[in-house]
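Paired with subunit B in one complex and with subunit C in the other, subunit A is shared by the two complexes that follow.
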Partner chain A sequence: MADFLAALPLGKPLPAGLYGAQNFERVALCRLPVDACALVAGRDVAAVIEKAKVLGVDLCDGPRRSGGDDCALIGTGPGRWLVLSSASGLAARLEAAFAPEASTFEQGGGLVVLEASGPTLPAVLAKLVPLDLATFADDDAATVTAAHINLTLWRHDATHWRFALGRSYFAAFLRAFACAAAEYGLDWAG
Partner chain B sequence: MLIPCPYCGVRDAQEFSYRGDAMPVRPDPAAPDAEEKFHDYVYLRDNPAGAFKEIWHHSAGCRRWVEVERDTLTHEIKATRFSAEGRRA
Partner chain C sequence: MSRLDKGGLIDRAQTRRFTFDGEYFEGFQGDTLASALLANNVKLVGRSFKYHRPRGIVGGATEEPNGLVELRSGARREPNTRMTTTELYDGLEAFSQNRWPSLDFDVLAINGLLSPFFGAAFYYKTFMWPKAAWEKFYEPAIRRAAGLGRAALEADPDAYEKSNAFCDVLVIGSGPAGLSAALAAGRSGARVILAEEDFEFGGRLLSERTPINDAAPTEFVAKTLAELRALPNVRLMRRTSVVAIYDDCYAAVERVGDHLRTPEKYKPRQILWRIAAKRAVLAAGALDRPIVFGGNDRPGVMLAAPVQSYVNRFAVAPAQRMAVFANNDAAWTTAFDAHDSGAEIAMLIDTRDAVAPALAEAAQKRNLRVILGGEVFATKGKCLESIEIRANGHTERLAVDGLAMSSGFSPNVALTCHHGGKPVWDESLAAFVPGKCPPGLHVAGAAAGAYALSDCLAQGAAKGALAATEAGFQATAPDTPKTHDTPRALKTFWHVEASKGMAFVDFQNDVCAKDIVLAHQEGFVSVEHLKRYTTMGMATDQGKLSNVPGLAIMAKQRGKTIAETGTTMFRPPWSPVTLGAFAGHHRGKDFRPARLTPTHALAEELGAVFTEAGPWLRAAYFPRQGETDWKQSVDREVRAVRENVGVIDVSTFGKIELQGPDVGKFLDRIYINTFSTLPVGKARYGVMLREDGFVMDDGTTARLSEDRWIMTTTTANAAKVSQHLDFCLQVLWPDLDVRAVSVSEQWGQIAVAGPRSRGLIAQIVDDPAAISNDSLPYMGAVETSVLGGVKARIFRLSFSGELGFEIAVPAHEAEQLARKLLETGAEWDVTFYGLEALAVMRIEKGHVSGPELNGQTSAADLGFGRMASTKKDYIGAVMARRPALTDPERMGFVGFKPVNPKEVLRAGAHVLAQGAAATTANDLGYLTSATVSPTLGGAIALGFIKGGAARIGEIVRAWDGVRGTDIPVEICAPAFYDPKGERLHG
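And then the complex of A and B:
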């Protein structure tokens, strides 16, 4: 089968629009305007978990999303979290809350966060991610590869999944996602 | 082959990078026979057919070093733990 994206440049993100089949079961994908930081605990992870209560977060040291006051912490490794927030000044807030027990690294310029939804989304993700996502509960997360692209994904709620991936892989991931969703249709909001 | 990562859960071996034997321990450079011991540490490796402790890096997951007890004949994995835990024990 010919690549239905062949006419589009490889290195640029897909323009917003409909791709693939045009039906009512299509998958919706959009980019979220959030700031991102990496939070890395020192030796005392328990102290970091205790300090997270200042942000209203019941922090979990595992591959799960912990929500708080206008921020979300997603476990990416032991004592390591990806922190997302739509409010400004995230790095300064984290530094004030967690230093010196944990270090904060700004990631906002290097990461893209996407949100996908739709009735056929599980079938699309089954083509991309080598995990049994049907066993995932709300807030379960995983750092994994999809189409050879490293990303962190989590189940935001019953119908929405979110992905955080490197900005330089954004265009490649969009193409892979559009191809996986082609049989159901993709509504890419840009 | 599936490797149970202590943090991420069971994952495909393709997510991991293989480093090799987990048993060699860096010799004391101040020891009188340090030169000979460093030669063995750097160059000599066992290649057993059977039970083996080895180091894998979960490079496409939590990016931690994982010590895996694997049978090299059957690929059966008996245990995994973070590598740092074994070294500190």
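And then the complex of A and C:
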């Protein structure tokens, strides 16, 4: 545990601000306002992928992000996707598009999505995630444990990574992330 | 000063000041604590573990058994730190350990005089009577007398981290083999990590003088490092010990800040690396070994190879006048290097009768006195003053203050054993060499028994190329540089049997040759028994020096070869690892991630006292002004729920949503009772079993629509049940069309309970008619909205036994809901209650929970036998019908109350018949949950008893051996409160 965390309560997410070393190599972290659902296919996954094509999404049944910011589908398991959207009414849209071949489960109330960037981010993530992230291409995703916290992460683009995690673990994840980033510095936007 | 005038890899321009036992000394940048002390003529550095004998530095690296100190002070005090691996820094503080009152005069050195009585297993044989004195007197006294350093009493102020690294080829060690391996692999484009335990790359090349390509070996090191640094695919990690090989990774400790007075701000002191490597090359070199002879532990007696290192790398002559005692050529090179550096070599004693002519000539050229066929059989002095030599029937005493000894080298095979591989004895080398290695691990150079420099360079290159090729790269071994090899001949020799004085095998644990002989005499002849009987190899050096000589002595006792005698195995870690490195970020408040309920902030505002429930931080109770202990608060909260209305956050329960046409059928197979018949808008209590027939979990599942269901699980089993359902769907019944997703995070759930709960909820629900008794009867479920449009699911459930509702809203709305209940409920005198009050009420009501769902209870044990359907199959059904699980004498779930209502019961007490002795044979059962009920005015408990409910009315005893109570109790039905459930339906 880093010194600067000792005085901060466990029961609240870290306030926005700079943590750790103050230099130009610091990592930036912010929270994204998105709605979220889980989409789970029935026995016919192929039918779900076909339906996605109608929406213009080349849906991948694997650990990758499909679609764009208005509706990103991230594979979290066979026939399972975490769906994120910056627009509202996501559940209804998914229900209309994919039922009955797939079911929609609302997750927007319990999920936090974060975005991180910065030159030292790979070194920070190496402290948190037991995966070879250097081999990840854009849109590659993984559902994994970081500092004992379950999350789904994906490479958004060459410089940005995103994480989706349960709301109840949000404060704890911030502490772990700040600690991992301490030697480079963290700019937490809140 | 023993510092040589020139040479070495130290930076004489950078002085480092340090203290040892409070005395100031100076060394240079590039020194270790050991080399700096030797340079300052400090020979006595510690006291031995058992006999408190004076000890000096014997080794040069991780193998050091004697030079252990407490490093730093205060909260950063670190005991048992090896001087030989401690990089000197300005302001270093070191203290000798295991001595009193001082290192020079240690009272317990008297133990040495008693050593004839302190043989192996002395303690076990001697301190047997009276039995009770062992724990109370003998063991504490022995622990005080025999020991190592003191750990810091304060919390460690430094940070530790864990990190992950991935590579195609991991090279362990950066001597000639390691550098060549890294170069071969690196040039192929493979991702390479070169890990070096030392603070400088180069391994033995830093300590030897054999030219490579006609230049100093350090030039080869510099040139190779320059090329490696220029390769973007190569990562160089010095101060990094690879300590273990596990199934899927190598574990390494990087000492980021150990060479500094305090770590840099925001930087960790150490990092525990998890390195996933497709292939690895172990090039960890070999360690010189001691000879077992009388007085071989005296300060000034050192291993020969480290002496060479002190001379060549650190420019230190470890003694003013030195002798060499060995059975091999390599030690002669040490003598030559020391002599050539200006140190006085008084005599070279070799146990062999003859050596190669070139070797003899080299000694003669230097005018060194050589004795062949000789033995050192005794030494004298607190620190070495003289040695006694026997050769050709004559004895001689020689005044020296240093003796370099060597019985040959032991390849560093420890890591090769971490997957169960056993080292193989090589008689020609007189050493164990790697046997079956962990998958993907190649061994090169001295670690494989190839000691010659040219062999190390060639093998390293070949194994590096092979590893890269196996990892999918096109690699070729680079040309081997030009070098010539120093002689390495050896004739096996371990022990001067006709020694005078104690001849040590294991320096750190004070195990002597006579202890091994004793172990043999007493039948402890297996190497594993030998180790435990004598403690040989069980100290922090893990027998790096003692293992082979000890086995050799045992082999001789048994009349067998070392190969026939065998060896003990090497377990992780290769070298000691700080506990902080294992913990990393996860200590103190961050020991594990704290999981927060949606209403955590509100609970804090209300002054809640929190408790850990698994990873969750839950409000235990909400103390109010004037309440002096937790029970007052809890009793008030219970009364409020029983008499009025209370609110609690129950979001921690697991919640799994199931959709699809086959959910009913699926649940019938999961639960012991039938769910497919459950009408829409209703909830049902269910029990699910493991495959072995024992209860896994319980909870309610509601049907929200024809093909949409919501299951709740206990907090503790939320993840396990979710995993179980996924397994069933993916593996057992992929034909079922069921889509199940954990929605535990999505839904915040607030329970409102008490006779006035409906009235309170009516204030926040958008359609009050939705919660009327007709619309929402007991065990009903409805989807509606609250707070003017917030989507909600309301369940008519109760864990407290009162009229109760659970309102689920999206988690980010739950705090708002709770605040509204608080605000609206003010006029109702609403009470927020915590986990403790909930626990009290569920005991009063006789509901089972975690203590009863303990993995050892069947549905029948818990009183749910009649719930189990006989018309369908379900997981665990067959195994639950095993005779052992249907035995009427099994322990069944009951309640207990004390005969004297003033007595207090405690969970964990065992149930005994009246008059029965407290023995296992008489054990009838146990109490699982207990409380003093504010509602009933006395103690009550739940638990299990043989025969179960059939014994209701009997008087037995709750015997608690831990707390010393023995209380007569009456067996009763578990539902103490409202047994007919009338209040639930209120």
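Assume the second predicted complex is superposed on the first by the 186 of 190 C-alpha atoms of A that agree within 3 Å, B and C clash if a C-alpha of one lies under 4 Å from a C-alpha of the other, contacts with A are read in each partner's own complex, and residues count from 1 in each chain.
Definition applied: a residue touches a chain if its C-beta (ideal position, glycine included) is under 8 Å from a C-beta of that chain, and two chains touch if they have at least 3 such contacts.
This structure is a prediction, so every number in the text was calculated from the model and none was measured.
Visitor: Would you check which partner chain A:62 touches, where first means subunit B only, second means subunit C only, and both and neither mean what they say?
Guide: First partner only.
Visitor: Looking at A:130 after the superposition, I want to know if it touches subunit B, subunit C, both of them or none. Which is it: first, second, both, neither?
Guide: In the superposed model, A:130 contacts both subunit B and subunit C.
Visitor: Quick check on the superposed pair: does A:143 touch subunit B, subunit C, both, or neither? Answer first, second, both or neither.
Guide: The first partner, subunit B, only.
Visitor: Tell me which touches more residues of subunit A here: subunit C or subunit B.
Guide: Larger number of subunit A residues touched: C.
Visitor: Which partner does A:45 reach: the first (subunit B), the second (subunit C), both, or neither?
Guide: In the superposed model, A:45 contacts neither subunit B nor subunit C.
Visitor: Does the superposition put A:30 against subunit B (first), subunit C (second), both, or neither?
Guide: Neither: A:30 stays clear of subunit B and subunit C.
Visitor: State which residues of subunit A lie in both footprints, the one left by subunit B and the one left by subunit C.
Guide: Subunit A residues touching both partners: 78, 80, 130-131.
Visitor: Inside the complex, what are the residues of subunit C that reach subunit A?
Guide: By the definition above, subunit C touches subunit A via 157, 159, 161-166, 265-268, 274, 276, 585-590, 592-598, 600-601, 604, 610, 616-617, 651, 657, 659-660, 730, 734-735, 737, 739-741, 743-748, 809-813.
Visitor: Which of the residues in subunit A come into contact with subunit C in the complex?
Guide: Residues 1-3, 5-6, 10-12, 20-21, 38, 40-43, 78, 80, 102-103, 105-111, 123, 126-127, 129-132, 134-135, 147-149, 166-173, 175-176, 179-180, 182-183, 185 of subunit A touch subunit C in their complex.
Visitor: For the complex, which residues does subunit A have touching subunit B?
Guide: 62-63, 76-78, 80, 130-131, 142-145, 150
Visitor: Mind listing the subunit B positions that touch subunit A in their complex?
Guide: These residues of subunit B touch subunit A: 7-9, 11-12, 15, 60-64, 82.
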